[in-house]
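Note that chain A is present in both complexes that follow, paired respectively with chain B and with chain C.
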Partner chain A sequence: MAELFIIGQLCSAEEFPSKSLFCKWSVHAGNNWKIISGHKEGQTQVDSPYYDSRTWWCHPIDIHFASKGIQGWPKFHVQVYHYDSYGRSEIYGYGFCYVPTTPGTHTVDCHTWRPIGNLRDEFRRFFLGGGAQLKSPDFVYCGTDRYRLHTESLGKVRFRLNVIARNFRHYGVEL
Partner chain B sequence: MSGSESTPGGVFLVSVVGQIEKAHFPNYDNMYCKYTFVYGPDWEIVTGIEEGISQIAQKSQDERQQVVWNFPLDVSFKSSNPYGWPQLIISVYGLDTFGNDVVRGYGVCHLPVVNGQSSEEMIMFVPESSSTLQKLTSWLTGKRPEYVDARILARGDGREVTRVRSQGCVWINFNVVFKDFHHYGFENDNNS
Partner chain C sequence: MSNKDDIDYDIGSYRCEGSIEHFKFRICLEILRTSFHHKNTEIEKKYTKRIEKVFHWMEKTSDEPQDQNDLEETSSSIEGKLLDSHLKTEFNQQHNGRTILHDIMGHSSILTESFKKISLMKDHKKNIHFFTKNIIDNSPSDISKLHNRLPNFNQIMHVLLDLGNNGTENENNNLVLASLYWNPNSHIMTIFPNFTTNNSSGYILPISTVKDSCFEYRFWIENLSNESLELITDTFHLLKFNHYEFYIPETDTIEILGEITSASGFEYDNLFIRYSIDLPSGWKCANTNSLNGTTHTCRRNNNMTSIFSYLFNVTVILPKTIDQAKDQHINSAFITFIIYSIDSWNKERVEGYASYLIPKFSTSISYKNNVKLEAWLPKSRNCIDNLHRYFIGGTVKLAEPNYISVPSNFNEKLLSKFGMEVEHRGTLDITLSNIMQRRKSIGNTNNNMNKNDIVSAQALVKSVNNVMASFKRARQRMLLACQPILSPSHI
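And now, the complex of A and B:
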């Protein structure tokens, strides 16, 4: 079987309306893919940055996949939450990005969005926090039902990913 | 790469030389750093030192305000599996006004996965007290929160409960040489 190693970090977030953020991430792949070792999901620390304008998570990612076919190439799915001074967390953004198909070192930016509700919901959100959340996270990485959503654009999440492939060439797959 | 004699058991070697160049912490001075490597179960150090501690350096007296350590790194690893790729953890300490050793930042990065020269900008952060009461007691006793074992940073779990504050940056320079990596079918971006 061909093998794929994804080694890197969930580095940082920028351009979000406030800085005290954390992120829940998970990796999804099709039926042809199997995780041999490594975590397939996780949650980062909460950073309140004082050094520069970015929120830094520096969260390690190290996943070993075995693959029987390239359909369902792995992708990361992120949910960014804001952690406020009262200790509440509210959703700030959803996003997904594919693992690059080229072996080597990559910086991957994942742009995020959140669903918005009607005027009353947004009014409520403005004063109380919270806001609309996705009932099922499938919307994030599945394109079929997205047309029903109305969304607000938010900041971006940065990954640094190193991709190592093994034996793909042996099966005639050129990365 | 072809024609090289195969290593028994599919073992490849990764050799890293480099240095912890310098740091920038806007609010602190007189700092030293410690480094350690954390790696997966299939990895082993062949030569080199796993941990080190630098001199205490003062900031440059100019507008750069940099702390230069110029501290050498030289280590070789062997492994049969890229999973658990070695990570470098740096913790920076400094003296506060009462002469106590206080942590000024922790940082983590993977060693380069691609051979050749590269440099890394490592952001440094410190854990923060989770409640106002703990903030008060740590202010009164002068004991700030720190990690019992900084190696938790290299793990993908167990960090979700921590609140941190990023407050500095360390620059590291790496030169990486592989042996037999491509020979065993692994592809990073520079294969030929």
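And now, the complex of A and C:
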């Protein structure tokens, strides 16, 4: 059994159309991977910076994985939401990134996008907020021909992760 | 006979590998009636009654009331932990929606088949509608927004024992036999109390008395879907994991983890990218479908960047005879990206080609963040081609995408691409990392382990020797110090 420790934080978000954001994150891994301790998902607070161009969360992440094969390497899945002055929270972006495969400290930028509807939907979203969201976030993993899904580019979420690997080398895995 | 204090009311946590719909469990209830007038044990056993019932997940049942006093009624209720009661019904609707979505995911192969037929562009709009309708919710309800937003969204099922007479509703008569918590995101089921083992004497509920009789309720919970559940309780999972053998392949494998991050600088908007991985002869891939794929179509943002954040992974199996020293210069796998744009009239244009050579051997810096690939496109000097591209789409394309690097049918010594004019069209950002796993060599792993053991044993002996030596030195010093006191002259 090899083990992987992911210790770090969900630092910040930038380049989003507006501030006052919060983020729901989760980590997904294949069947070879089991979480021994730590939370596999979480939700940050709402950060509404006045002057800073970035939204800061500094949300801690501490996950301990046990692995019996490298297939299905864990990946992060983030959903950024905007919390507006009327108390509505609308989806701002979905993003995915792999956990770095080498031990050490890494800064990982997770870029996000959101699905867009037709002109009427966009018009409505512009004035009334809301807008399209994925029926189930699991869908982003399905399908090889996803080009029919129209999306819009949004900002990026920054992770700062420390990765510690144990026993991988015993099984011939070169990290 | 064990009583309640002897039995641990453990919480069991299980990871469910299959679908939760297949989960079922059985509850056996034994009711023991003791009359106060009889103290003989034989008479006590005379009134024992045993009831069994199999429950499926979220099955809402209620048995017919049994005869008076020995009444047993079981029912299950569903409620969301994070939602209060008035949202209960809406939550159920959401659950149904997820079930339907699950069906569609099951048919993804059919979808994929149909999407591969690019020639069916006339059905494009229809397919788009079908695809997006199933994936995107254009006007999500409040409950679906809440559902997607909140983590740890547990579904709860209680099994109740109703002790009421003649079906009268009284909350005091309801006893919770078992509570099951299911997290659909993490696929973890928590059950309280835990499943009983084969030889267990069961759980005992508080004894109730009716008139001159005393009722004792004893129950067992058995898991009937053993294969789908795997024990991960806090106390046992480490032991369990130790039994897991780490998978070591027969031949060397490379696990390529890639992410198509973004594309910028291209002429048209609404980009999507097709990628394909070409493997040299002798190299294999376990899942050939993973060798190519397509991202979603993305509109660029204010920074003129289209963001995909599309993840893919490929497991490449290397030939057995590969030798690192000799085969350093043979062809390695390379990944080809073709960037397309699609406009509002569904005109498709090739925006550029880019390729990247995947390193054959992973190094300490095999995690490469933000690799920038410059994309190029063959340039045409023919004005008609440019007009063609501008007005009705289409463009000068490469006859074979693998011409980006070395064509597959190329057998000569010198590769010359002289004469092909290309122009730079934009930049593609990717993140690539490859993990290499060496083939099974039992000697190597054992040797490593033994070396560690030897080193630690030597260190232990050395430290013991050090302690012994220092102890001897201290003892000698003590003897020296005591010598004048013990000497006869001093006495």
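By our rule, the second predicted complex is superposed on the first by the 168 of 175 C-alpha atoms of A that agree within 3 Å, B and C clash if a C-alpha of one lies under 4 Å from a C-alpha of the other, contacts with A are read in each partner's own complex, and residues count from 1 in each chain.
Keep in mind that, in the parts below, a residue touches a chain if its C-beta (ideal position, glycine included) is under 8 Å from a C-beta of that chain, and two chains touch if they have at least 3 such contacts.
The structure displayed is predicted, hence computed values, not measured ones.
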Worksheet item: So, A:121: does it touch chain B (first), chain C (second), both, or neither?
Response: second
Practice prompt. Figure out whether A:111 sits in contact with chain B (first) or chain C (second), or with both, or with neither.
Written response: second
Worksheet item: Should A:170 be classified as contacting the first partner (chain B), the second (chain C), both, or neither?
Response: both
Worksheet item: After lining up the shared chain so the two structures overlap, which partner does A:73 touch, if you call chain B first and chain C second: first, second, both or neither?
Response: second
Worksheet item: Thinking of the overlay built on chain A, is A:56 touched by chain B (first), by chain C (second), by both, or by neither?
Response: first
Practice prompt. Please determine whether it is chain B or chain C that touches the greater number of chain A residues.
Written response: C
Item to complete: Could you tell me if A:102 is touching chain B, chain C, both of them or neither one (first, second, both, neither)?
Response: both
Worksheet item: Which partner does A:8 reach: the first (chain B), the second (chain C), both, or neither?
Response: first
Discussion item. Quick check on the output: what are the common chain A residues between the chain B footprint and the chain C footprint?
Written reply: 36, 42-43, 102, 167, 169-170, 175
Item to complete: Under the touch definition given earlier, write down the residues of chain B that touch chain A in their complex.
Response: 26, 40, 81-85, 87, 107-110, 112-114, 122-125, 128, 153-157, 159-160, 162-169, 184-191
Discussion item. Using the touch definition from the top, list the residues of chain A that touch chain B in their complex.
Written reply: 5, 7-9, 12, 22, 36-39, 42-52, 55-56, 58-62, 64, 83, 102-105, 162-170, 175
Discussion item. Under the stated contact criterion, what part of chain C meets chain A in this complex?
Written reply: 15, 17, 97-98, 101, 105, 108, 111-112, 115-116, 127-128, 131-132, 134-140, 144-145, 148-152, 185-186, 232, 237-238, 241-242, 244-248, 255, 257, 259, 261-262, 270, 272, 289, 292-301, 303, 305-311, 313, 315, 340, 342, 362, 364-367, 369-370, 431, 433-441, 444-445, 448-449
Worksheet item: Which of the residues in chain A end up touching chain C in this complex?
Response: 1-2, 15, 24, 26, 31-32, 34-36, 40-43, 66-71, 73, 75, 79, 81, 89-91, 94-98, 100-102, 106, 108-113, 115-117, 121, 130-139, 142-156, 167, 169-175
